[in-house]
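Structure, as structure tokens:
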């Protein structure tokens, strides 16, 4: 009878073994292979956090019930580096980002898919924090992650982790904000303090590090949109979340899509620490990224009610009007300076760069 | 060639022979090299910082004086305007 | 922010604007030689509200804009080397070289990093002893003390995998070049407040005297710029030509002596090329021979890299104030912020980029394009 000798895993110093022993604390290429390691990763890390009857069926797709005749789809891919920053991590962005895009279309977000590209060597504890963030954000937003995918790439081919989320939402009756609906006379409203996300990430970027009480503003905008819809309904002509490129880019896109001009008054809700950080690096808060701010173009007669609705929520407490839509200079956004001068607030060709001059 | 902003020194230390300190810029703090203001600036003083180096100590007296001058100028202008108005009312030519 | 925000008070600014408009009996031509001042002037629309009394010509005050094409090409070459970590101030990354810019080199795999302070680059070198860290030492006299300290510290700490690619320029020779130019229209100058914080204003007295131009050392906030312009206009109206100091909260006549001292121990005066203008003798700083070990131009083989400025780009004429940006045939067509031909279109302080915004608004307002 053969004797079964138990094999205890051990390492041999100085010898490179062609079949390396599995390390248990980080992502490896095998986790993306579709075999046992993949199944284990899914079972141990993803399902416990996102489990719902659609996902647990583990089909190639998710079979979900749909309301109404039209659905809103939105997709976004998240590649931020570093993965974790003051106020959150890429997981928060991945859920809030797509949820907010759906909300800006006037839809109630319901389902998300999540596709991951993991870099070989990503520590599990980092992955867990990101997944925890996603699960928590999804639950808070009332959305379910119903299907997903995971791939693993060689070390160096991803900044730790990339994630795509695609969302499905259902429209409310009679609420159809759209980028082309801005009209002369509309009030341009902003829901909250600007430039926090971009500066929070900048503060932890290598080479630029600084110490500040600035946290990312990543948040779901759904409560604010609901409040607006209930208060003024279709008087909301346009909704846009101001993300990359800052408030300036969002307003420029709408001015272009609606073929109207926008005049900004110059007053902006920028927290003092954010302003100080921008001064230090020579950055303009108008162009710095946000992750929890919306811009609303509303009919002038609804302006007061809209602002009251925004301010009734903690996230919208510092909502204010920053400008007005005008007939002049269609497609162009200008700002009246304190001196009475005019400055064009254009889209930037690329990223805003810290300057020395 | 220029981006220098004022901040307040909140602590000073020695980094292997180089005087450095933490400077607070309205809520944002960063380590700054104080070598060029070492003899004149202490904790609590304001310095102008360019690319991580303090290049001058803010002369707070002069700063206030500039501001006072501008304020007075502004008030004088208001008085001028009021005087012009009074003159016009009395038919006095400017 | 203290000592900053109060100098943006709009009511006080309007007072100064009124004063300037009432004081001037004719239209004067002034030049600022400082990118930061250009930035404030254009951003606030100062040139617009003062147009009846003052024409502001934006001088070559942006060190990013005047870095010679050749030096950019050398930077690109270094950044592409696999053994080099190339570090730079942020605003250099989009300046076009002959073929591409640092951003594109980064996209192709070059190790290019933005740093806030030159000391961060030295620290990077300490943390990566297996790589060569090169820092792009660009700037006017304001930045020279910082760059000098970086080299000094690297030598002190024995960080021998650190070197600098120097492209320092100094302001007074540029002002002389402008004043000596036969087509010169500049009647008064705003001198750069932070350059003078380091250097003082002693070297401007002979210029004011010889060329009979008022020179006002000026800060960067709207009230500073307006007060500086007002002081210059008063001098012009009264027929005076002196050096005056508006930026009293930061500038002393002798400047910062310890900073000047270290700069002269690490650097010496050399001839430098100014992009779009050409070589101005004794207008730059280069590393002294005893610091050759930290000079990237000597450490790496860069002498074969030469460059010709494109004929179409008239940056030089713009920088000298001969033409306004929109008078350049390439403006807005072949040369835009998205695809710039020259540096003044790239940098946010560059005169061309500034006018690309402002000019378009005026054209739209006039019912034009």
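Going in written order, the chains are labelled A, B and C, and every chain counts its residues from 1.
As a working rule, contacts are C-beta pairs under 8 Å (C-beta built on N, C-alpha and C of every residue); 3 or more make two chains touch, one makes a residue touch a chain.
Every value quoted in this text rests on a predicted model; they were computed, and no experiment measured them.
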item	value
Most central chain, Cα average position	C
Chain pair showing more contacts of the two, A-B and B-C	B-C
Centroid comparison with subunit C (C-alpha atoms), farthest chain	A
Subunit A-subunit C separation of Cα centroids, rounded to whole Å	37
Distance between chain centroids, defined by C-alpha means - subunit A, subunit B (Å)	39
Centre distance in Å when subunit B and subunit C are each reduced to the mean of their C-alpha atoms	22
Interface hub residues of subunit A, defined as touching at least two other chains	210, 272, 275-276, 279, 282, 355-357
Multi-partner residues of subunit C (each touching 2 or more other chains)	1, 4, 34-36, 61-63, 89, 116, 120, 139, 143
Where subunit B touches two or more other chains, by residue	1-3, 5, 25-26, 30, 50-51
Parts of subunit A lying in touch with subunit B, wherever the complex brings them together	209-214, 272-273, 275-277, 279-280, 282, 355-357
Subunit C residues within the subunit A interface of the complex	1, 4, 8, 10, 13-14, 17, 34-36, 39, 42-46, 48-49, 61-64, 87, 89-91, 93-94, 103, 113-116, 120, 124, 138-139, 143, 222, 337-338, 347-349, 356-358, 360-361, 364-365
Contact footprint of subunit A on subunit B as seen in their complex	1-3, 5, 22, 25-30, 49-51
Subunit B to subunit C touching residues, read off their complex	1-6, 8, 16-18, 25-26, 30, 33, 35-39, 46, 48, 50-53, 55-56, 58-60, 62-63, 65-67, 70-71, 73-74, 77
For the subunit A and subunit C complex, residues of the former touching the latter	205-208, 210, 272, 275-276, 279, 281-282, 328-329, 332, 334, 337-344, 346, 348-350, 353-357
